[in-house]
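Only one structure is covered here, and it is reproduced in the block below.
The chains carry the letters A, B and C, assigned in the order they are written, with residues numbered from 1 in each.
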Amino acid sequence: MTSALAMSQPAISEKVPGLKAQLRRAERLRKLKAIALVAPLAIFLMIAFVIPISNMLWRSVDNSEVMQVMPETARLLTEWDGKDLPSEAVFSLFAQELRDSRTGGGLGRIGRRLNYEDPTFRTLLTQTLRVLPATTETTWSETLQSIHPRWSETETWLALQRAAPATTDRYLLAALDLKRGSDGNIERIEENQRVYQQVFVRTLVIAGGVTLICLLMGFPLAYLLATLPTSQSNILMIFVLLPFWTSLLVRTAAWIVLLQSGGLVNTTLMTLGLIESPLQLVFNRIGVFFAMVHILLPFMILPLYSVMKGISPVYQRAATSLGAHPFAAFWQIYVPQTLSGVAAGTILVFIMAIGYYITPALVGGPSDQMVSYFVAYYTNTTNNWGMAAALGTFLLIATLLLYLVYHKLVNQKQLIRN
Amino acid sequence: MSLQPYSSPIERIWYWTFRGFCALVLLFLMIPVLVIIPLSFSSGSFLTYPLPGFSLHWYKTIFSAGPWLDSLKNSLIVAPLATLLAMAFGTLAAVGLNKADFPGKSFILALLISPMIVPLVIVAVGMYFFFAQIGLLNSYAGLVLAHAVLGVPFVVITVNATLQGFDYNQVRAGASLGAHPLRVFFTIVLPQIIPGVASGGLFAFATSFDEVVVALFIASPTERTLPMQMFSGIRENISPAIAAMATIMIILSVLLLLVMEMLRRRSEKMRINR
Amino acid sequence: MNMKNTLLNTRKTALVTGLAIATASLALSAQAMTVISFGGSSGEAMQKAYYAPFVEKTGKTLTPGDYNGEFARIRAMVETGNVGWDVVEVESPELVRGCFEGLFQPIDWAKLGIEDQLIPEAVTECGVGSFVWSTVLAYDADRLEGTPLSWADFWDIETFPGKRGLRRGAKYTLEFALMADGVSSTDVYDVLATEEGVARAFAKLDEIKEHIQWWEAGAQPPQWLVAGDVVMSSSYNGRIAAAQEEGRNLAITWNESLYDLDYWTIIEGSTQVEDAYEFIRFASQADTQAVYSSNIPYGPVNPAAIGALSEAQAKRMPTHAENLIGAIAVNTDFWVDFGEELEQRFNSWATR
């Protein structure tokens, strides 16, 4: 459209001098108008989408809890050399700021942050606070040390010092099962505590498996739909589109009903005498695969179908008439023409699968949960927002990389042409 | 892949295997949708077959005052508003994207589509923190904004696709006859792209009506939407009330599907007529 | 021209209607008090006993909601200043922890004026007791040959084959594991307070890890027992009773069960304090508590309510003398001190 206009430009401007400038101005005006039309949405998404997500990414390095709740203590501790116990000034400021922290949820925030340094720190804080004298006229270093012997250990104060700076890389490292050792070098955490590398691998395995099953099931069906006469394929298409338009939760609930021990699948198999006791089909990996494949299958079938619909049967027929075996003709002539659809469907399904949360949460067991589950878990269940953000950051990076590949391969409109 | 009278036995076997396989895939796609409907008429309170008896009790439950009806109301407040917002922003942007090339256009397009791609949990956590800071957490306004963000890509894509076949000479003709650009838009452009706008809107509506992840993070029980109620129902109290609501939602999906098909036919007809 | 007008009009009307609905609902939501419970059959009983009569009596609006005890959500609300909940039902360790961290408003007992009507355990700094519940061993008597009498039997895969349900969390699960390992019910918390004790509990859990189906919501155990997903499960006693009433042959082993109180709290920063007090007062009356306890067998905290219950109903309460034999009280102090550490550890153990 625009290129056609661009080509016609020189021809006109040669004839009428001055028109070139006018045209350029008109073109610029058109561009401005175009930008003005896109701007509202772009600004809207900036505010309601990009900023929130950037904000979340920031939390993966944010370390401001202690700094905000105990600003003076944090300031003094960063200057402390870490060798002997801190000065009386630190003890006294700490005691005051600890007492103040009880209002407005500050104690919860620093307790949580310090618990990452040492899982008993919150208990230490609460035990200390319970018996902290109300007076200000006391030698705080002695008082605190008499309340709990841990206040006379430098390690306790070192933990506080580590939590004092504004940023940290501990969450990003922890999301990869890494940590900083006492010498400051990055090292792997103890074997029995490693969780996330396994979770990332599990996420990729589940997403990959779901994608592969979708392709194996979707390709033949899309082929059938594309080669049947329109009147028949339109009817069969309802079978694909109705589940597609049906709520994800409805379908997930249906799978639980189908797959549970007293569910339809198990009772049918038992009535047929194929099994003696019910199979465990839900709240484990099998259930996750069933439900996820079901939900994502239409996203594989639709792009495949739209590509296959555009493939002329002539070439395949030509190959067969030239003596090629029908299977060879199919494999060597037809399949290569479908590759753009295969790529579109595969990447689309894979992208959607790696971010899945609801379905595994409802039909999976604890060892079937993917990265998204842990992002939600850390946000809602333990308030470890740094960890949630760090895991989310890696998930987002993986998704955006795949999207980039997808963007290069497929035109957007193919996404939901149907 | 059609069966000819002269086909070899292998071809016949292959043909029927292929057909059989496709039938199984279709069955797999439909069975969960079909299996949940009879359960909604169960007289017992557990979602198991065989049904203890027939009853409309659960429909009465969801349509009498209570959490189900409240959540349905909430969804019917949030989804249309989010859809309107998405349609307005999305249509304008799609028209702009088609009007001219400008620097960074493909980046902008990628940005506009990205809410569809970014994992919902990330969107949810991001909005949860951000909305908490600006006081939009636990509010209808926050939920509407969030769902509009999620619905916008669908409108952009469908309107964009419709505009690909649009002949801009009509706009020029209108303009040269002295019509105001707005008038040109409403009398010439909009009627032709309305199927695209409407189907984008349907997608946006369906997205909002089915969205649970973001809602779980940013809504309080006051704004509890239908999917949130379904979610806690599935996790908490797997009663046939869920099946009853699911049946209603399946009927809604059938309606959506029909409208979508109508729109598709209409836009195809337009393309052919031109 | 007509088309244009219609379109513009439709748009305008839609917009205006939309805005009107939005404003109206915003205005409405400002008035409603939100009461959060653990939901399920307990929530239904509360609906009958407390919510509906409260609305009817006072004419105020009340939005019920449920959660699974995610303490973190309350924390996040108070810390970010977005308090969407007003009255919340919490378990005792969370009550103590939240009270200390300033997440709950201290209860003004003089203002509430019901202190003398309740059992002493129900009167605390930040919470008003709501009911007494118990976590028991529940099983499907039709499917099981024999009767599991203890958690050791629960762990006995050979005698009682089949899947088991346990709560996905450290609380209760670790206690049960230790009792199954032969620790007497009186020593459980002493053993669990040591590193060896914790390791012993996890080792015991390892033994049957592949046979466990983890539940999160209280409604899941009866659902699974009925559907045949599990043959026995830890469960809140009230949920089992609901299924028994439907004619399912689910049975309860009271031996080695754990009982505790749940409490009503008012979230710090709630704007509905007056209504909240009124609601809590209303929900602590003998007559409303009797309605609650006759709908679900959790013990009332207002002793006057017991008289209103039938003999059969009283027998199903965790507080009934026969049911208390071999049962222990949840050690709140233990879970206040070690709860979060053990929950973290449990979670990374379970996901592996």
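Heads up, the rule we're going with is that contacts are C-beta pairs under 8 Å (C-beta built on N, C-alpha and C of every residue); 3 or more make two chains touch, one makes a residue touch a chain.
Each chain and its UniProt protein: A, B = ABC transporter permease.
This is a predicted model, so every value here is computed, not measured.
Comparing each chain's Cα centroid with the centroid of every protein Cα atom identifies chain A as the most central.
Taking the mean of C-alpha positions as each chain's centre, the chain lying farthest from the centre of subunit A is C.
Distance between chain centres (mean CA atoms), subunit A to subunit B: 21 Å.
Once the centre of each chain is set as its mean CA position, subunit B and subunit C turn out to be 36 Å apart.
With centres taken as mean Cα positions, subunit C sits 31 Å from subunit A. Shared interface positions of subunit B, i.e. residues touching 2 or more other chains, are given as 47-48, 129, 131, 133, 235, 238.
Multi-chain contact residues of subunit C (touching two or more other chains) are listed as 76, 226-227. Counting partners per residue, subunit A has 260, 262-263, 379-380 as the residues that reach two or more other chains.
Against subunit A, the residues of subunit C that register as touching in their complex are 70, 72-73, 75-76, 78-79, 100-103, 163, 168, 213-214, 224, 226-229, 268, 337-338, 340-341, 343-344, 347-348, 350-352. Only residues 1-2, 27, 30-31, 33-42, 44-45, 48-56, 59, 217-218, 220-221, 223-224, 227, 236, 238-243, 245-258, 260, 262-264, 267, 294, 297-298, 326, 351, 354-355, 357-358, 362, 372, 375-376, 379-380, 385, 388-389, 392, 395-396, 399-400, 403, 407, 412-413, 415-417 of subunit A touch subunit B when the two sit together in their complex. By the touch criterion given at the top, residues 1-2, 11, 18-19, 21-22, 25-26, 28-33, 35-36, 39, 47-49, 89-90, 92-93, 95-102, 108-131, 133, 145-146, 148-149, 152, 154, 156-158, 160-161, 164, 168, 203, 206, 209-210, 212-213, 217, 227, 230-231, 234-235, 238, 242-243, 246, 249-250, 253-254, 256-257, 260 of subunit B touch subunit A in their complex. Across the interface of their complex, subunit C is touched by residues 102-105, 107-109, 111, 115, 119-120, 122-123, 126, 129-130, 193, 195, 198-199, 260-263, 278, 280, 282-283, 365-367, 369, 377, 379-383 of subunit A. For subunit B in complex with subunit C, the touching residues are 44-48, 66-67, 70, 77, 80-81, 84, 129, 131-133, 135, 137-141, 144, 183, 186-187, 190-191, 220-224, 232, 235-238.
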